[in-house]
Amino acid sequence: MGLGMDASIALVAIAPFVAALLAPLAQRLTKPFAGWVLAAVPLAIFAFLLTLVEPVIANGAVSASIGWVPAYDLNLSFFVDGLSLTFALTISGIGALIVLYSGAYLKGHPHLGRFLGFLLAFMGAMLGLVLADNMLALFMFWELTSVTSFLLIGFDHTRQASRRGAIQALVITNIGGMGLLVGALLVHHLTGTWELSALGDEVRGSGLYGLVLFAFLCAAFTKSAQVPFHFWLPNAMEAPTPVSAFLHSATMVQGGVYLLARTTPWLGGTEAWTLILVCFGGATLLWGALGALRQTDLKQMLAQTTIASLGLSVLLIGLGTEAAIAAMALYFVAHALYKAGLFMVVGAIDHEAGTRDITVLGGLADKMPVTFIGAALASLAMIGLPLTLGYFAKEEMYLGLLAWTWSDIVVLVVLVAGNAMLAGVAMLVMVKPFLGPVLPTPKSPHEAPLAMLAGPILLGVCSIVFSVLTEDLGKYLLVPAASAILDHPVTSHLTLAINPASPLLWLSIATWGLGLLVYRQAATLRTLLRRAEAALGWTADNLFDVVMFGLIRFSAGVTRLLHHGRLEIYLVTVFGALALALTLPMLLLGGYDVLLPTAELGNWSDVLSWPDLRIYEWGVVLLALVGLGSVLLAPNRLVAIMALGIQGTAVALIFLLFGAPDLAFTQFMVEILSVVILALVMTRLRLDERDHRPLEDLARDGTLALVCGVGVSLLLMVVLTGTLDKRLSDLFTATSVPIAHGANIVNVILVDYRGFDTLGEIAVVMGAGMAIMALLRRRKKATS
Amino acid sequence: MDYVLAALIGCFIALGVYLLLSRSVIRMLLGMTIFGNGVNLLIFTAGRLTREVAPIIPSGLDQPEGVIANPLPQALILTAIVIGFAMFSFLLVLAFRAYQSLDADDTDTMRVAEPVDEPNPPLSY
Amino acid sequence: MNTIIFRTIAPLIVAIMLVFSVYVCLRGHNEPGGGFIGGLIAASAIAILGTAIGPAAARRALHIDPMNIAGFGVFMAAFSGLLSLFTGSPFMTSIWLYLNLGDTTVPLSTPMVFDIGVFLVVFGTIAAIALGLEGDGGERS
Amino acid sequence: MDELVLPPAMIETMTAAADWVIVLPVVLALMGAAMALMLRKAGSLSFMLAALVICAVIACDIALLLRVLETGPVSMTMGKWLPPFGISLAADLFSAAFALAAAVVTLVVLIYAEGESGRDERDGFHAMVLLLLAGVTGSFLTGDLFNLYVWFEVMLIASFGLMVLGGKPIQLDGAVKYGFLNFLATTLFLLALGLLYGLLGTLNMADVMRVAPAANPAAMAGVAALLLLAFSMKAAAFPVNAWLPASYHTPPAAVSALFAGLLTKVGAYALLRSLVVVLPASRDLLEPLLVAIAVGTLLIAPLGAIAETNLRRAIGFLVIGGVGAILAGIAVPSQEGIGGAGLYVFHAILTMTALYLVAGLIERGTGETDTRRMGGLYAASAPLSILFLVLILATAGVPPFLGFWPKLLLLQTGIGEGGWSGGLIVVALLVNAVLTLIAGSRLWGHVFWRSAPADGNAAPLLPQTWQRLGATAVLVSMVLAAGLWPNGLFEGLNAGIPDMMDPARYVDAVGLAGASP
């Protein structure tokens, strides 16, 4: 290889994104062959990943790392071991077939290029997810799969159902994603590393284990559609079929399963882990299987079986025995192969026959023989007949439960029941549409194009080839994957030989038998289940709407409450906050203590004594009060404006009395101008002149005003008890003439010491001029 | 005497708050002015009061002869007065224009930007 | 207000006020006064002129759009601060020049230029607002 | 003249011309504003001038940022007076980086606005934009509290002018609320400053840091609470955020965008500066309050975004949500918390501006402002779809978009902090992220995916001018690039955060009289 390992693996994660960006262009250039051309990208990745198989088996893992945010100690690190390689090969392999399939499925669609781009971007994200060693990178790819899935589910965007499915999937998986993020952060907090491969026993031993477990399970359960988050997956079937085949059966939904498998070495194995996973997994298995039997839409049936399969995988990881883990690894591949195949078959049926309803389809095998072969191969694997990969998966899962403890028996019963129902569904899917009498369909069916057939056939053949090459299956798939999950070497004991003495055989036979029963009684079961559903009255799916609409209504309520558009209430909030800010810290911290009389009656006696104001100073204070009072009580606005002038004059006089002539002049000028402008404006307006507020408003406003006023006064008095550090003014006084060459210190401060303030100040004046001109100019425009 | 002024400032602030809470725009403007005057007085008082001696150095001298008023707060207040006046003028003209085009001087009836009967958000996807 | 007498003496009052305003502005560095107060007085003069001879006529009498005066004032004030770049000092460091005109020494300084800038801004802006409110609703356009 | 013994008052050393990069951004913008005012009737000349001035400001900001990264905080005291006697400008990493981001955003908006219709609404537009930039830059760079007040007011008056430019009734209504509440906020700031001066006798931030510990802690806490209130109003934090949704949707989209990028961020920056750096002891006392405000803002804001049907109002609530995230960092000020808050400010300046610009494109594209009557944009315009999607994901904090990184740091802080405050903040951040995504995906569903309602009076999709689309695209690519390669940002944070945690170098750079030998 020309490239180093780091670069090559990084390229694997990045290439699909580049391809995604180019997809619309490629589609435009190569029109009918877009699928074929773009499928080359995943195919190349698949081929490259195959070259890693030997090194991974030899060394246990291959890792690579490129710096991403070194300043945050964050690397885009990848870790290829048996587990991630299994997933990555599945993703890229099926990805190639799906891209090919999509090109034909959506032939002529105006947004085919966009679609292929999203699909490739998703594949890149998914590959990144399974290859990432760094938890943040994992999280990033995790979220990207959610986003691309959102875009793909909503591809048929003019239908509300699509949009709903997309938003629902996004919201649910995003909630889980938050769990993953928090989990990663908690782990980092505990261990100081972002690398999954560096984690040991620290987490299990810590007090935060429960929280970490909860966070990761949140992520895994939402992504992998475990009960009670299962409902988004069927709705995701609003997406075009290739998407369902790829994202919502074979790959993305397996992200949660992958996460659980990946975290098993350092998070799993505890009682809580086993209990939760087995319970939720088992419940999901049964619920999904029952759900599948309820449906008549082929795609919905498959979606429900996907839920069941995900539950099964979670259950197996929860069990955590060697056999269970081995079974999970096998089952993942087997499921990906047959389920993607089945979806593609259903897509082909839908595409060619124009319907997916199992009750109106029949006898298609004549018209679509190759499709039928594909369906049969996949269904047989799903049933778990020998010579398919599904068979081994089933054998392995039963194998671990032969200790015959009570708990094992319960789990075994659940497994057999679940598998039987899935087998029944598989038989339905294989037999109903293709065999039996020919039924009329909306379109006259004929064989699908090659690009749509390649997928199911190839995947079905793979399933058989793997199972025939039992030795290699053990060596190349089971052992590396299971060893990676369990973090210790396991051995393979797969064999095609059938041993009649083993209970395994009988369990399998029981499964098939029950499956056949389910198949025969499908119609009855469906009626029963539908009746039960109707009796129940609501579903988690409905609940989602209730919650979402409730949230929207609640938001509207809160927003209307807080943003009612009444300025007066906004101001009440502000002044309420002001009253609190003024008084609360002072009260809590004992700030008013300095004002209280102390035992020694220190300075207090001075304060108690009559303030040493001169008579004219009292006069000015009185004038100010009179001004304020008359503003308050003014019978009309002109009096109020005059009164405003009085209090302004009083302020100017206070400035004058206490040594601030510049201030006094300015205040005086400003006051005159304010009154003049006010009067100018007022004469043009005829307004209601009384301040009529209701009594309760009066009480509220009065209280707020009093608290704010008293608060400011008291705070200022507390400030005044200290002595002022006059360094600044002292220096200004000392240097004003000698250095700054000015005798009016205030003016020197304004133009020299603090001239920068003045610069800003005149900018404000200029800005006010501009703003007012803008306002006035409008008026002229409006009136003319 | 500082305490008397502190109490007076409290009155300014209280009246400012009270007027700002009335819904009539002109009254609110009066309130804003009074509130601003209170704040200016507060800065003045916080810089401690000195009677009558302006911070101006008599000509021919390098240093003032005795205690003078604290010049820094005065400069700050001067800036604040000017800025306050600029803002006041703007708000006044704004109120005037708002009255003309919205036909309202009561803030409760100014409901163009945030309409009263805003419909609820659609319950759809 | 619009009496003949007022219209006749208004220009006189205005002229006196303008002169006084300049005086107040220039003496500000040593005595009460300064650019701001000066500017206010000058603007009041224009406002009076506006009431006497009408805002449009007052605007014509000014020759320059008052807002442009304000803009120039800000520019001038900021520019006076930039001069100290050439003396290797920070922004707004004062530079003093003493011009010897025979017996008297006329001090020229950047703070003074700055203060004149302040004067122009206040004068221009307030005059613009006053004329605007007085009637013609803005500038000639 | 007699020999007079004066206290040291002037800086004796020469000032290098390169030091001027700290003051030039403010002064250039201000002079540019004055010139643009004088040239306001000279056609496109004022646009050229404004663009040129902002480019110069950007150049200075870049130089300043490089200097800060290289040598630590940079300071200059006006008029050669020793600090604290003169007004100091002082820039550390946050100030310099935010100033740069603000200038870049302003340039983008300026170009975008050139493509906006309605020429005659533009008299004085460029001058006000430059004035706003001067105010914002001054607020970021100043090292003096009273000076901060002055630049706040410059910013405020410029925003008033921009808000009413065009004079539609809805703008006047929005401006009344915006005007009163914001002017009140700055007046409260002034009130706090008066008290602070009365307590400490100084206004220079570095000097305040030095003398504050000796002052009456209760009174200082009261002042800090006042500052918190004033800046929270400016930053639009819950519960005093009402002015933002009441006004941001009323002016033209370019103006909204400018406001969203700059105004609340300055408030948030002021909080960060005053509470975390200048008055840390008082901040500690107010911590429960800060946590409550942060959590409230984080939770309430996205609800508004879900509820609103007016597109720009909905986005306004997203802006508020971002403020909550910034406050969360201030409430739990660890290395990561401050880094997260700072990074969020940076992210919000770029992303929120871009969001409003896109909203402008959408409104123009559909001829509507209400999302209930929009639709069909996904099929109509792929570029617009991409721009909006990227921004929504960035806002919701989905990796690898820019918004993810600050959220990551903030979550890390919350987890590291532990306890009830850390836990609350983590939960609030997570809920905020989910709700934001819900709001965003609903907007996406309604505006882009859904086909335009048949009964609505939706205008045919109007073409966009290249300035508008191009300017927005440039800004969005910045968001995208910064999100994909955040290493530079983190390097900057690593270099700059220590100065926020321990402002010794900042104080050194200011060089207080009496403190330096």
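Order of writing sets the labels: A, B, C and D. Residues in every chain begin at 1.
Keep in mind that, in the parts below, a contact is a pair of C-beta atoms (placed from the backbone, for glycine too) under 8 Å apart; a residue touches a chain by one contact, two chains touch by 3 or more.
Source: prediction; values computed, not measured.
Geometrically, the chain at the heart of the complex, using CA-atom means, is D. A comparison of the A-D and A-C interfaces places the larger number of contacting C-beta pairs at A-D.
Centre-to-centre spacing of chain A and chain D amounts to 26 Å, using the average Cα coordinate of each chain.
Between the CA-based centres of chain A and chain C the separation comes to 60 Å, rounded to the whole angstrom.
Chain C and chain D have CA centres that are 35 Å apart. Work out the mean CA point of chain B and of chain D, and you get 25 Å between them. Chain contacts: chain A has residues 160, 163, 167, 552, 555-556, 560, 563, 565, 567, 571, 578, 661-662, 666, 670, 673, 677, 681, 712, 716, 719-720, 724, 726, 728, 732, 734, 738, 743-744, 750, 752-759, 761, 763-768, 770-773, 775-779, 782 touching two or more partner chains. The set of chain B residues that touch two or more partner chains comprises 20, 42, 45-48, 54, 56, 59, 62, 72, 76, 78-79, 82-83, 86-87, 89-90, 93-95, 97, 101, 107, 110-111, 113-114, 118, 121, 124-125.
With touch defined as above, residues shared between interfaces to two or more other chains in chain D number as follows: 1, 4, 30, 33-34, 37, 78-79, 86, 127, 146, 150, 153, 157, 160, 164, 167, 176-177, 180, 184, 191, 195, 198, 245-246, 306-308, 442, 445. If you draw each protein chain as a dot and join the dots that touch, every dot ends up joined to every other dot. Only residues 54, 56, 59, 78, 82, 86, 89, 93 of chain B touch chain C when the two sit together in their complex. On chain A, the positions that touch chain B within their shared complex are 160, 163-164, 167, 549, 552-553, 555-556, 560, 563-568, 571-572, 575, 578, 607, 611-613, 617, 621, 624-625, 628, 631-632, 637, 640-641, 644, 647-648, 651, 654-655, 657-663, 666-667, 670, 673-674, 677-678, 681-682, 684-685, 687-688, 691, 693, 697, 701-702, 704-706, 708-710, 712-714, 716-717, 719-720, 724, 726, 728-729, 732-734, 736-738, 743-746, 749-750, 753-754, 757-758, 761, 764-765, 767-768, 771-772, 775-776, 778-779, 782.
Taken in their complex, chain A has these residues touching chain C: 661-662, 665-666, 669-670, 673, 676-677, 680-681, 740-744, 747-748, 750-752, 755-756, 758-759, 762-763, 765-766, 768-770, 772-773, 776-777, 779-780, 783. Interface of chain C with chain B (complex): residues 30-32, 36, 122, 125, 129, 133. Remark: chain C residues 28-37, 40-41, 44, 47, 66-67, 70-71, 73-74, 77-78, 81, 91-92, 94, 96, 107, 109, 111-112, 114-115, 117-118, 121-122, 124-126, 128-130, 132-134, 136-139, 141 touch chain A in the complex.
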